[in-house]
Amino acid sequence: SRVRDLGVIPGTLATGTLNAITDVPGVRVGQTTIDDGNELHTGVTAIVPAGFATGLPTAVAVGNGYGKLVGSTQIDELGVVETPILLTGTLSVFRVADALLTWLLDRDPTATSLNPVVGETNDGFLSDIRRRPISPQHVFDALESASSDLPAEGCVGAGTGTTALGFKAGIGTSSRQAAGGVVGVLVQANFSGTLTVLGTPIPARDVLGVPTGNSCMIVVATDLPLDARQLGRIARRAVFAMGRVGSDFAPGSGDYAIAFSTAPSVAAGAPASAAAPASGAAPASAAAPASAAAPANGAAPASGGVPERELFSLFQAVMEATEEALLNSLTMAHTVTGFRGNTRHALPHDVLLSRLRTAGVLT
Amino acid sequence: SRVRDLGVIPGTLATGTLNAITDVPGVRVGQTTIDDGNELHTGVTAIVPAGFATGLPTAVAVGNGYGKLVGSTQIDELGVVETPILLTGTLSVFRVADALLTWLLDRDPTATSLNPVVGETNDGFLSDIRRRPISPQHVFDALESASSDLPAEGCVGAGTGTTALGFKAGIGTSSRQAAGGVVGVLVQANFSGTLTVLGTPIPARDVLGVPTGNSCMIVVATDLPLDARQLGRIARRAVFAMGRVGSDFAPGSGDYAIAFSTAPSVAAGAPASAAAPASGAAPASAAAPASAAAPANGAAPASGGVPERELFSLFQAVMEATEEALLNSLTMAHTVTGFRGNTRHALPHDVLLSRLRTAGVLT
Amino acid sequence: SRVRDLGVIPGTLATGTLNAITDVPGVRVGQTTIDDGNELHTGVTAIVPAGFATGLPTAVAVGNGYGKLVGSTQIDELGVVETPILLTGTLSVFRVADALLTWLLDRDPTATSLNPVVGETNDGFLSDIRRRPISPQHVFDALESASSDLPAEGCVGAGTGTTALGFKAGIGTSSRQAAGGVVGVLVQANFSGTLTVLGTPIPARDVLGVPTGNSCMIVVATDLPLDARQLGRIARRAVFAMGRVGSDFAPGSGDYAIAFSTAPSVAAGAPASAAAPASGAAPASAAAPASAAAPANGAAPASGGVPERELFSLFQAVMEATEEALLNSLTMAHTVTGFRGNTRHALPHDVLLSRLRTAGVLT
Amino acid sequence: SRVRDLGVIPGTLATGTLNAITDVPGVRVGQTTIDDGNELHTGVTAIVPAGFATGLPTAVAVGNGYGKLVGSTQIDELGVVETPILLTGTLSVFRVADALLTWLLDRDPTATSLNPVVGETNDGFLSDIRRRPISPQHVFDALESASSDLPAEGCVGAGTGTTALGFKAGIGTSSRQAAGGVVGVLVQANFSGTLTVLGTPIPARDVLGVPTGNSCMIVVATDLPLDARQLGRIARRAVFAMGRVGSDFAPGSGDYAIAFSTAPSVAAGAPASAAAPASGAAPASAAAPASAAAPANGAAPASGGVPERELFSLFQAVMEATEEALLNSLTMAHTVTGFRGNTRHALPHDVLLSRLRTAGVLT
C-alpha cells in the first residue's frame, strides 16, 4: 500500500491527481527492473520531461557529495537540464550515461555535445554490483516505456535493490499542489537512520536488525516558472526533508536533489507572454502565510520567474512531497533476499500501524 | 529549566560536563543584554575561543542565505576564523562588527586587516530594531565578560528579543562527547515552523497564536582536529538538525552554521606532533557504527585531520547538540512584551510535558 | 589622461558615450575623497543604480576571498542587490555599511531588514587605516552627490589611497557596447603583479620600486536583462580580466566582482512585456562569433533573460571594459605621499608610451 | 619543438628536470592515440599518481562549467581523488569512466564504490566524435603504459584531435620548482581566443583562418603537502593562467583545473611526521615576496598543510607552468586533416619567432 492508503498523511497540502511526479504536466516516468531472483536486484528509473531537448531550468542541491552524480557542473553553469534524468546503481552509472547518450544521438543526428544527467545509489547489499548488469537496452526500455501514469513504487527500477532506514525501500513518489501549480517528487531511497513516521521513531533494529543504506537521490519537478536559482532553493528543502523520516545524514551517503521546471517562460528566448499565468495565479497570494511568517524580511525583492514570497508554499510542498515519497518507497517495497543471501525485510505494515496507534498519531 | 531537566533527552550520546559550548576547552561565552522593559529587547552574544588570533580552522554552512552574516567569504577562502564570533540583531550587525574591530585593534597595535565574524537574526518583533541600540561598550562588555561557565540561556544577549516556532526563544546551548572529543553548540533561535519535541508536534497556534520568526544562527565548536572541509560537513548537519525541532526552512530565514576547531594541529605551521592524540583516540573506533552503516562507501579515503569515518559520530553529536540547544533556547525563555506592545509567550512547560506524556514519549 | 587618450585602446568593441559605468542608463556614481595632505588618503565610492530598492538581478564572483565584502551571502541566495554598492578602505567597511543603513532607513520608514553591499581594499600603505576616518556624512555625501556624469578617476573616493602593480592607482571606469546594450565597469584597483599594457610588461620595479597592493573590487553594470546566474558568468570574466593588466592573483588579494542588471524584465513580478526588447535585439545576432567559435556546444540551451549564445559578446565586453578601467585607474592617478611618508609614484605617461612604442604596440 | 627550445621562456622560476608533470615524484602519464589517418583523431591521456588508492588531497576549480567532468561532486565533498585522472573526447567520457572502473575493480576485488575522475574536451572538428571510438582496451593501454618519462605532447592521447586559439593543439606539460617542492601541469588544450605569446598577440586568423575550439582541461600535481582547500586556490590560478595565452573564456568552453598533492601528510590518518619536510623547507621562506607584496593581509592565519604565505610562490609556479604547458600543446602539434576533411594547421614556428622578434620579445 501507499502510505496514504494506510492513513498516514504527511503535511496539510492537497496532492495532485495521482500523488506522483507525473502530476506535473509533461513529466513521464519509465523504469526497467532487473531481478534475477538471485544475485541481481537493480535497474533504471527514467524521468522524462517534455521539452528537455530545448533545456529546462534546473538546479542541483548537494546534501552530501559522496556520490557519482553525472552532469552536475554543467547544470550549475547553465541552469538547465537538456536530457532525461536517469537513476541507477552506483557502478552502472557510466554505462547508463553512455546508453542515454546513444539514445539521444539517435534522436538528434547533429548533436555533438550533450550533458546526460544520471544519479545513483549503492544497491550492493542486495545486488552483485560489481557485475554492472545494466545494458543499453535496459536504458532504452526505461526511456521508451515512460508514461504519465502513476509510476510503480518500491522494488522497481533503480530502487529494485535499495534499502533505507533498515528496511527494504526503493522508488517512491508523491506530489503537492501549491502556488497555483504542482510540485512532484520521485526518490530513490537508500540511506541510513531511524525510520520516523509522523514524528514516531520506528527503529528497524527493534524489528528487523541493523539499519544500513547509504544514499538518496531526489528528483523534483514543477510546472511553475521558477528559474534555476529558485529551483536550487527548492532542491535544498528536498534534502532537508530527509530528516523528517529519520535520515542520519551519514558521511557516506550521497544525498542529492535535482529540481527542474517544465515551464518555458523563464528559459532563454521563451515568449514573454508564457510567464503571465504564473504571476497572475490567484491561489498564490492565498498562500500568503509566507509574509506573515517572515514580516521583517518578507518584503525583500529577488530575481526569478515567481515572486520570492510565493516560494513559502513551494518549500512546504516539496518537503511534504519528499517526506511522503520516501515513506512510499518503504511501504510499497517487499522483502528481498539477494546477493550472497543478504535479506532486507520490508517494513511490516502492521508494526507501522501499531506503533502509530500507540503513539496516538493514528486512531 | 533546561529541557533535559524536564526529562526531555534528545539522542543517545553523553553530554559534556556543562552540556554547553563551553565544554570545549578554551571556548568562552560572554553576553550583553539590552532590555529596557519597554521597546528594546536585544543584545550581543560573544563566543571567544582561545587562540583565535592565530587562526582556527573554520567553515560556514549556508542553509538559507537570507541574512547579513559578516565575514563569510574570507572564511571560505582561508578556512579560518581569526576573531571572536559575535551574534546580535539584524540592523546592528555592522555596529557590532565595527566595535569588534575596535576591540581587536586595541589588543593588536600592528593589525591593519582583520576579518570580524558577526551573525544576526531579526528581533524586530519585540525590539525597536531601527534604533540600532548596540553601542561599542555593549560589545566590549560581552567580550570582556566571556567565561567558560555555563552560558545564560533564553532571553539573554543576542537572544533577548528573538522568537522561534511561535514561542519566545533566545540563546540555547548544549554539547556531546564523541570520537574522543567534545562538540559544543550555541544557537540564536528565531525561526518559524511547528515546534516538534522528540517527534511530537506542539503547534504554537494551538497554544498561543501564530508562529513567526525568521532566522537561526548556529555556532559549533569542537576540540577535535578537523580541517575546514570537515568542519563544513559538520556545519551542514547543524542546519539539517533545525528540522528536528520543526523548522519550516522558510524563504525569509537566514539560517547559518559556523563550525570551528580549537585544535591547533591542522592549522598552518602547527607542530605535526600535535595531531597525534586524535588519530590515536581509542573511543573513536568504538564509535564504529559508521562503517557498519555505510559498508559500500565506508572505506573511501578523504583528506582531513580526523579519519573521515569518525565523522559519523561527530555528525550524530552535532545534530543532537543542536536539537537540544534549540530546545533549551525555548524552555529557558520567559514571556516578553516589547516593541509596540507585541508579546511573545514562552513555551508553557506544563503544556510541553502534558503533550509529551500524551504522546507516550515521557512517562 | 585616460588611457585611451594616450592612444592605448584595449580590445575592439565600441565604448559607450562616456566610456564609463554611467553609460548604463540609470547608473549614477558619487564619491567622497578624504585627503588631508598628510596621513589620510581614503574615501568612499558609491554606485547608485535606479530602482535598487525593488531589487536588481545581481551576482558576486569571488576571485580570491581574502576580503571583507559585506552582503555576499544574501546576493547568492536571492540573486538581487537592494541597495547602492559602496567601496571604501578595509577597516572602514562596517562604518560605511552602517552609514548606508542609516541613509536607507531614513528613506524608507518601514524597512526593518536591508542587505547593504560594501566592498573594500586595503589602502593602509598611504593612509592611516587604523583611524577609520570615514564618517556617516562622508557616506551620505557620496550617495547624495551621485550623478550620471563621467566619474572622477584615479586618486578619488575609495581609490584615494590605493596602489596597483607598483604604481599609484585608484578608481577607473570604462564601458563597451554589446548585444544591443551596454556593459559598464568601475574598479577600485589595489593589487600586485607586473603592469602589462597591451601585452607589454612595464615592471614598476624597473621604474619606481617594488610593487605592492593587495586587492581589487570590480563593479559591473549592464542594461541587458541578464538573470543572476548569467551575471555570475559575467562577473567571473571581470576577475579573469585582471590577468590582462598583469595581476599575479596573490594569495592576500581580495578580488571580487559584483555584476548587476538594471533591466527590470527578469526580476520577480516584472511585466512580462519588458523582456521583449532584448530578445528582439537585432545587433545581438550580428555579434554571432560566439556560435562560430563554439560550434560543438553553441547550440545548447540555458535559462536566463538573454540567450546564452549572446553572452559571448558580453564576455568580450566585460573583459575589455575591465582591462581599460584598470588602466584608467593608473593613468588617471597622480603620485601620492601619505602615511608615514610612504610614497607611491604614478605611472609616468612618457615611460608608458616609450615602452609601448619600443614594443611596436604604438606608433 | 617545445616552446622553451624555441627560446620562449614564460616566467622566471626554474623548471623541474623534465619540465613536465612527471617531475612530481610518483606521477606517471600514459596515453593512447587513436588516429586512423582519416576521420578519427582522438584518444586517452591518463595521469596516474602513486598512492591514488588511499586518496590524495584534491580540488577542482570550475572556470566555466560547460563540460561533462566526471567525479567532481565527490572531490568537493571529501577533498580527495581515489583513482587515476583521465582525459578524452566529449562523447567518450562515460565509456572511459566505465573502462577505468573495470581496471580498478580488477585491481581491487572488494571495491564496491569508486569515484573515477574523467575530463573531456570536444574534438569533433577533427574527429568523428559521434562514433565514440574509445574502447576499454584503449583506456587500459593508457593506464598500463604510464611512465614517469617526459610525456609525449601535441597530437597525442586526449589531445590528438584538439585545437586551440585557431591552431592545432593537444597535450602540453611543464613544471616549476617552488617552496621546496615542484608543481607540474598537464593540459588538454582546446579553446578559443587569440594566441598571445609573452604578451604578443599572434592571431590565427592572420595566419591560418578563424579560431575555434571550446574547452580546456588542466591537471596540476605537486609534492607539497597542500590540503584540499589550498589546492582549490592553486587550481583557480591554473584557470586564470589561460588568459596569459589569450583565452577568450568563451561561454561554451568547459574550463576546469584539477589539482592534487602526492604528499601523504595531510591525508586522513597519515603519520604526522610526514609533514615535517615541507614546513621546514628552507627555500620557502626565500620565496618571501608574498609577504612583501601583501603587507596588510600577509600575516593572516589560515588552515592547511603549508603556511598560507608560501602559496605566493606556488601560485606563480602554477601560472607559469600552465602558460608553458599550453604553449607546448601548440608548438608540439602538427597540422591535421580529419573529420569531413577539416584541417587545423599547426602554429608555424617561423611565424611565431618572427612575430616575437618583431615585438622585441626575442632577439
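The chains carry the letters A, B, C and D, assigned in the order they are written, with residues numbered from 1 in each.
Quick note on the criterion: a residue touches a chain if its C-beta (ideal position, glycine included) is under 8 Å from a C-beta of that chain, and two chains touch if they have at least 3 such contacts.
Worth saying up front: this structure is predicted, and the values here are computed from it rather than measured.
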Which chains make contact with subunit C and with subunit D at once?
-> A, B
Name the chain whose C-alpha centroid is farthest from the C-alpha centroid of subunit B.
-> D
So which of B-D, C-D or A-C is the twin of A-B, meaning more than half of its contact pairs are the same residue numbers?
-> C-D
Using the average of all C-alpha atoms in each chain as its centre, how far is it in Å between subunit B and subunit D?
-> 42
Quick one: subunit B and subunit C, Cα centre-to-centre, how many Å?
-> 36
Multi-chain contacts in subunit C, i.e. residues touching at least two other chains, fall at 64, 66, 77-78, 90, 112-113, 115, 122, 124, 129, 233, 254, 295-297, 300, 308
In the complex, subunit B touches subunit D at residues 53-58, 77-80, 82, 112-113, 115, 227-229, 233, 265-269, 272-276, 279, 295-297, 300-308
In their shared complex, subunit D is touched by residues of subunit C numbered 63-64, 66, 90, 122, 124-125, 129, 192, 196, 198-201, 210-215, 233, 236-237, 239-241, 243-244, 248-254, 290, 292-298, 300, 308-309, 311-312, 315-316, 319, 358-360
Residue positions on subunit A within touch of subunit D in the complex are 62, 64-74, 76-78, 90-91, 94-95, 97-98, 101, 105, 111-116, 122, 124, 129-130, 132, 254, 256
